[in-house]
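Two complexes come next, and they have one chain in common, chain A, joined by chain B in the first and chain C in the second.
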Partner chain A sequence: MARKVSWERQQRTDARLLLSGLCLFLAIMLGFPTIANLWYSFSDVSFQDLTGSGFVGIENYVDALTNPNMWSALLFSLRFAVVATVLQVVFALVLVFVLHPLVQKRPWLIAPLMLPMMVSPALMGMMYRLILNEFIGPVPVYLDMLGIYVNFLGIENVYATLVGIEVLQWTPFAFLVLLTARQSILPEVEEAAVVDGATGTKLNFLVILPMLLPTLGIVTFIRFIDAFRVFDHIFVLTGGGPGNQTTSISIYIYKLFFKENELGEAIALSVILLLASLLLLQVGLRAVVRRTEP
Partner chain B sequence: MSKLKLAVIGGALALSALTANAALADITILAWPGGPEETALRKIVDNYNAIEDNDSKASLLFFSRDNFFDKMLADAAAGSKEFDVMLTTTYSVGQYASFMVPIDDLVTEEVKATFPQSALDSQSFEGHLYGIPTDLSVNFIYYRTDLFEQLMSDAAWQEKYTEIANAELGKDLEPKMPADWTWDDFVASALFFTKSINPDSPTRYGAALQMKNIIFSVMIWQTSAAGYGGNWMDADGNITVDSDAYRQALDIYKTIAEKGATPGGSASFEYSEANGAFGTGQVAFTLQWSAAYSELIDAEAYPQIEGKFDITHPAAGPAGVKTHFHALGLGVNKASEKQDEAKKFLAYLASEPVMTQYGKEGGKPPLSPALTEAYAGGRPDVLKMGEYASDYGVVMNGATSSKALAVYNVMAENFTGYWSGTIDQDTAIANVVAAMEEDFGK
Partner chain C sequence: MIVERSTAVGRLIHAGRWILYILAAFALNVPILVTVLTSFKTTGQINTSPPVWIFEPTLENYREVLITGNTDFPHFIYNSIVIASGGTLLAMVLGFPAAYAIVRQGVGRKWLLPIIANVRALPLIIYTIPIYLMFQFAGLLDTRFGLILISALVNVPVVLVLFVGAIQELPEELDSAARIDGASTWRLLTDVVLPLSRPILFAVAILSFIASWNEFVFGLILTTKNAVPVTVGATFFVTSYGVKWGVTAAAMTLGIVPPLVLGLFAYPYIGRSMLGGAVKG
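So, the complex of A and B:
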């Protein structure tokens, strides 16, 4: 008995020792910036005074929450994230069902499908600045040959264009994760379902899809978070304009910080978003974990 | 050897090492990357390092152009010592002044003779000089000479021009060459050379306007606001953006955009897109930075306009011809531990022969007219830049303050919104005025 207690104590000591490195790393890399940001969010901080020595209470939070531009940026990000996520997940799911038999025999086909995701989002924006250019871009030029004129970055189409680029770039990620989940389903399960009379649509919707749901939940969650914080390709393509039409919450915070020198307000807004995302993370993970429990 | 001798020799060696280090302190210059500015500065730095008795060598550091100023601002605010000499601009000198050292002591009689006072003012904040001006930027109208010559000689075109001006603008206008334009002519010409309005137009669009939500769009556009007599503030510091001048100038872009006389994607156009549109030969003219000239004359890059375009000053408003102008410059980083060496380099840079050489190597220093002529050689853009900056150059009141970038930013946000139809003019102006009143404490 005494030996067992001693062994458990040793295990705990070892675990603490092994975790201490990670904890130290997190404390330095996450803890310190978080505490510093919390302090800044209550301070009158600017580039001219980075120490943030003037305590201003909740003024930065009030400024952040009462600025109408913040709400329009937040709304844009939410709309963008919901639409882009739904499209990516649906397309990825369709691709999984269509391509699964094919990639089982020819796995190398996955590689070219992954290419868009290898490009950095800022570079993606630069590429589309050229591709969609009315005078030298291949897309408008070919459409022009067909007698079709589309102003991709005009006010009437800019939202759809930006969502389209996001979907093109990140659908492969959702596809890859869902494909892995699909491939992990045992062939015996499918065979059993077929023996029970489930074929075609029934097999896919009543057997395979429910088994993919936990992964689908995780992919949806990851893509939503990623799309919500969109910055790069929108900033490169439109600068958040025309007007504020395509200003996402990340672009809004960036402009507050660097262009308007409102560091305290920008950081206060970041803290609010951090808290909101922690809440979302908690809810999302709980839902996923509950679903995967036996 | 006695201990005393050893100590003396050791001390002497240590002292000489210390003094040698102090004398040989090298400096790092954070400069504007790419283009002729980089090429010219590299040559100057090479020459500086080759001076025989110069024991302080200079090396160059370049960030990428994308968000250059944000990166420099973050570094400067953090007290970085990675660079000793840093970039400054007319529109950000107020914001950077607290991270820089005034260099009034470098303004010798020779420097005063080399630079016009307006050039030194463009690098000054609250009465102190913070940078040696190195590169000037003004606005030009780039126009197709073949098209406008035909317009001035073809009776049918002229008749059509007047008809379009009457029908679209309700104004009785005759065609003119761009050098004689008012802003009404600017708009009418844009409409005339637009295929959707004039099916016989040889170009798809009349103008290529930059209407992206970035500060540089506002800088180019405010050339027209200045032409109408507009200014950010009056002499007493009152905000004067809510004025007829601003409203009329805003409507120039609005009219051209609404009538489809600028490409549909203009809302995302900046410098390179405007060059691209004009360079393909599908646009009759564009209001653009002076720097574009050296790119557009490259026949390999833009064969469609080779030998077919010229430059002139922006159109005239009731207040005459005006152009926004600003200058890049180099100043001393306050956090630098080598400020004497940095100043030594800047004193070298500000001297007449060096600045003239900088111009000959491709730079565009704002020098006195005689010196500009000397270095310009056959470059018409350089000659016109000097002339326009001195005759028509405008720096808006408050546009060198610490709040200038914030003001440009809020203008870009609201004015591009108005041009694209997402907000009305009253709202756009009210938003800008409110932000400026807060920024300037009015």
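So, the complex of A and C:
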């Protein structure tokens, strides 16, 4: 008995040791920045004075929350994330329904569809800059030949273009995850449904779709948070402009910090965003987990 | 499927599936295709309208990017290789033992996994400012080591979730057998669990390398010259004087080929990891 106790104690010591590396790393790289964020958010900080010694109370928070540009950036990110996520998930579902029989027999067919998500979003943005270029980009050139003139990065189309790029790059992710779930549905289940008279569209919507719902929840959640924090391709394509038209919340914080030198405000906003995200994550994760638990 | 193909309608549906597949594969990959083609074109060929699709390829753009140009692109490639490999290695070295402790010894599951899941989901821009200030203080700005730390931080969530999933699937009897033979936890980890996890280690390494290679925000903010990764370095080709598209396309091609090639080996794990990780983690 005593031996068992000491063995268990040994186990626990070992476990702590095994976890220590990761915990130390997270404390330095995550814990420290979090504390620094909190500290700075209440102080009068600038590049000239990084100690953040002057306590200014909630001034930074007030500045952050009363800046109308912040609200428009937040709204942009939310709209961008909702629209892009819905489109990706819908396209991915259609692809799964239609292509499942093809890829079932020829798994290699999946590979070409996966390429976009391996590419850095920043470089993807630059590549779209090339193909949408009004002089040498094939897309405007061919459209022009059809008599259609579209300025993709012009003020009236830029939002749709940015959403479109996000959708084209990340639909493959949603497709892959949903396809994996689709393929894990046992053939017997499908056959039973077919025997009961469910075929084609009916089979897909009444039998398969409900079985994919938990995965659909996970995919929607992941794509939403990734789209909400969008930075790379927008930064490369428009830099947040024209004006502030395409400034996402991530780009907004970047600009506050590096362009406008508003350190305190940027940091206060970071803290607000951190708290808001954590709150939403708790709600979101709980919803997703509840759905996936049998 | 047999039912489907035996009728005329069935054949039509089958053809429809192929058409959608080809359309999707094309639409998704147009930018990559055009960029790679453009990188082999002369300026004259690039400016030809309508675009030429079949032409005599030139390596001039690559020569300029890699040898004669003044952007030091080879150095950026070197940086990306070092940063992505280093960050991947660090994330794995930290994540593997931790995953074992979480699965087999049940320590940290309650609090560590949620923290990690949040890291995966938070807008990383939140941390760029304090990390910038911290790095400035520690002299890590514009160093490869600094970006290795970042890349490990960004990758730890995926690495940990995949390892937790993988170790959960190993039979626990192996552990007890090794214990009875008197193996210490450390020996058990290196001699039993690690060799058995080789396929997943491989997949995790590839996925993590791709994610690090493609990272942009931190590279943009924390580097200026010495430690610039390719994703940021490629944007240097877009200047206020205009863009030399042939050279830029060559730089972009060099920046996307490593993750594309590696991705072809690892993509099946992405789907599985998402489901496995999310359901069990």
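As a working rule, the second predicted complex is superposed on the first by the 272 of 294 C-alpha atoms of A that agree within 3 Å, B and C clash if a C-alpha of one lies under 4 Å from a C-alpha of the other, contacts with A are read in each partner's own complex, and residues count from 1 in each chain.
Convention: a residue touches a chain if its C-beta (ideal position, glycine included) is under 8 Å from a C-beta of that chain, and two chains touch if they have at least 3 such contacts.
Here the structure is a predicted model, which means the values were calculated and not measured.
A.B. asks: Determine, under the contact definition given at the top, whether A:F135 touches first (chain B), second (chain C), both, or neither.
C.D. replies: Both: A:F135 reaches chain B and chain C.
A.B. asks: Would you mind checking which one, chain B or chain C, touches more residues on chain A?
C.D. replies: C
A.B. asks: Output check: A:F42 vs chain B and chain C. Expected answer is one of first, second, both, neither. What do you get?
C.D. replies: A:F42: touches no partner chain.
A.B. asks: Which of the two partners, first being chain B and second being chain C, lies in contact with A:T238: first, second, both, or neither?
C.D. replies: In the superposition, A:T238 contacts chain B only.
A.B. asks: With both complexes overlaid on chain A, does A:F258 touch chain B (first), chain C (second), both or neither?
C.D. replies: Touch partners of A:F258: chain B and chain C.
A.B. asks: When the two structures are overlaid on chain A, which partner does A:F76 contact: first (chain B), second (chain C), both, or neither?
C.D. replies: In the superposed model, A:F76 contacts neither chain B nor chain C.
A.B. asks: Once chain A of both complexes is superposed, is A:F152 in touch with chain B (first), chain C (second), both, or neither?
C.D. replies: A:F152 sits against chain B, while chain C stays out of touch.
A.B. asks: Go through the superposed model and pick first if A:W170 touches only chain B, second if only chain C, both, or neither.
C.D. replies: The answer is neither, since A:W170 touches no partner chain.
A.B. asks: Enumerate the residues of chain A that count as touching chain B in its complex and touching chain C in the other.
C.D. replies: On chain A, the overlap between the chain B and chain C contacts is residues 50, 129, 133, 135-136, 258.
A.B. asks: Can you name the residues of chain A that touch chain C in the complex?
C.D. replies: Where chain A meets chain C, its residues are 11-12, 14-19, 21-23, 25-26, 29-30, 32-34, 36-37, 40, 50, 95, 98-99, 101-102, 105, 109-124, 126-131, 133, 135-139, 141-142, 145, 168, 171-173, 176-177, 179-181, 184, 214-215, 218-219, 222, 225, 228-229, 231-232, 235-236, 249-250, 253-254, 257-258, 263, 266-267, 270-271, 273-274, 277-278, 281, 285, 288, 292.
A.B. asks: In the complex formed with chain A, which residues of chain B make contact?
C.D. replies: 67, 70, 73-74, 76-78, 95, 98, 211-215, 263-265, 267-268, 270, 273, 276-277, 280, 282, 402, 405-406, 409-410, 412-414, 416-423
A.B. asks: With touch defined as at the start, can you tell me which chain C residues reach chain A in the complex?
C.D. replies: The contact residues of chain C facing chain A are 1, 4, 14, 16-18, 20-21, 24-25, 27-32, 34-35, 38, 46-47, 49-51, 90, 93-95, 97-98, 100-102, 105-108, 112, 115, 117-119, 121-134, 136-137, 149-150, 152-153, 156, 160, 184-186, 189, 210, 213-217, 220-221, 231-232, 234-235, 238, 243, 245, 248-249, 252, 255-256, 259-260, 262-264, 267, 270-272, 274-275, 278-279.
A.B. asks: Contact residues on chain A for chain B in the complex?
C.D. replies: Chain A reaches chain B through residues 47-48, 50, 129, 132-136, 149, 151-155, 158, 237-245, 255, 258-261.
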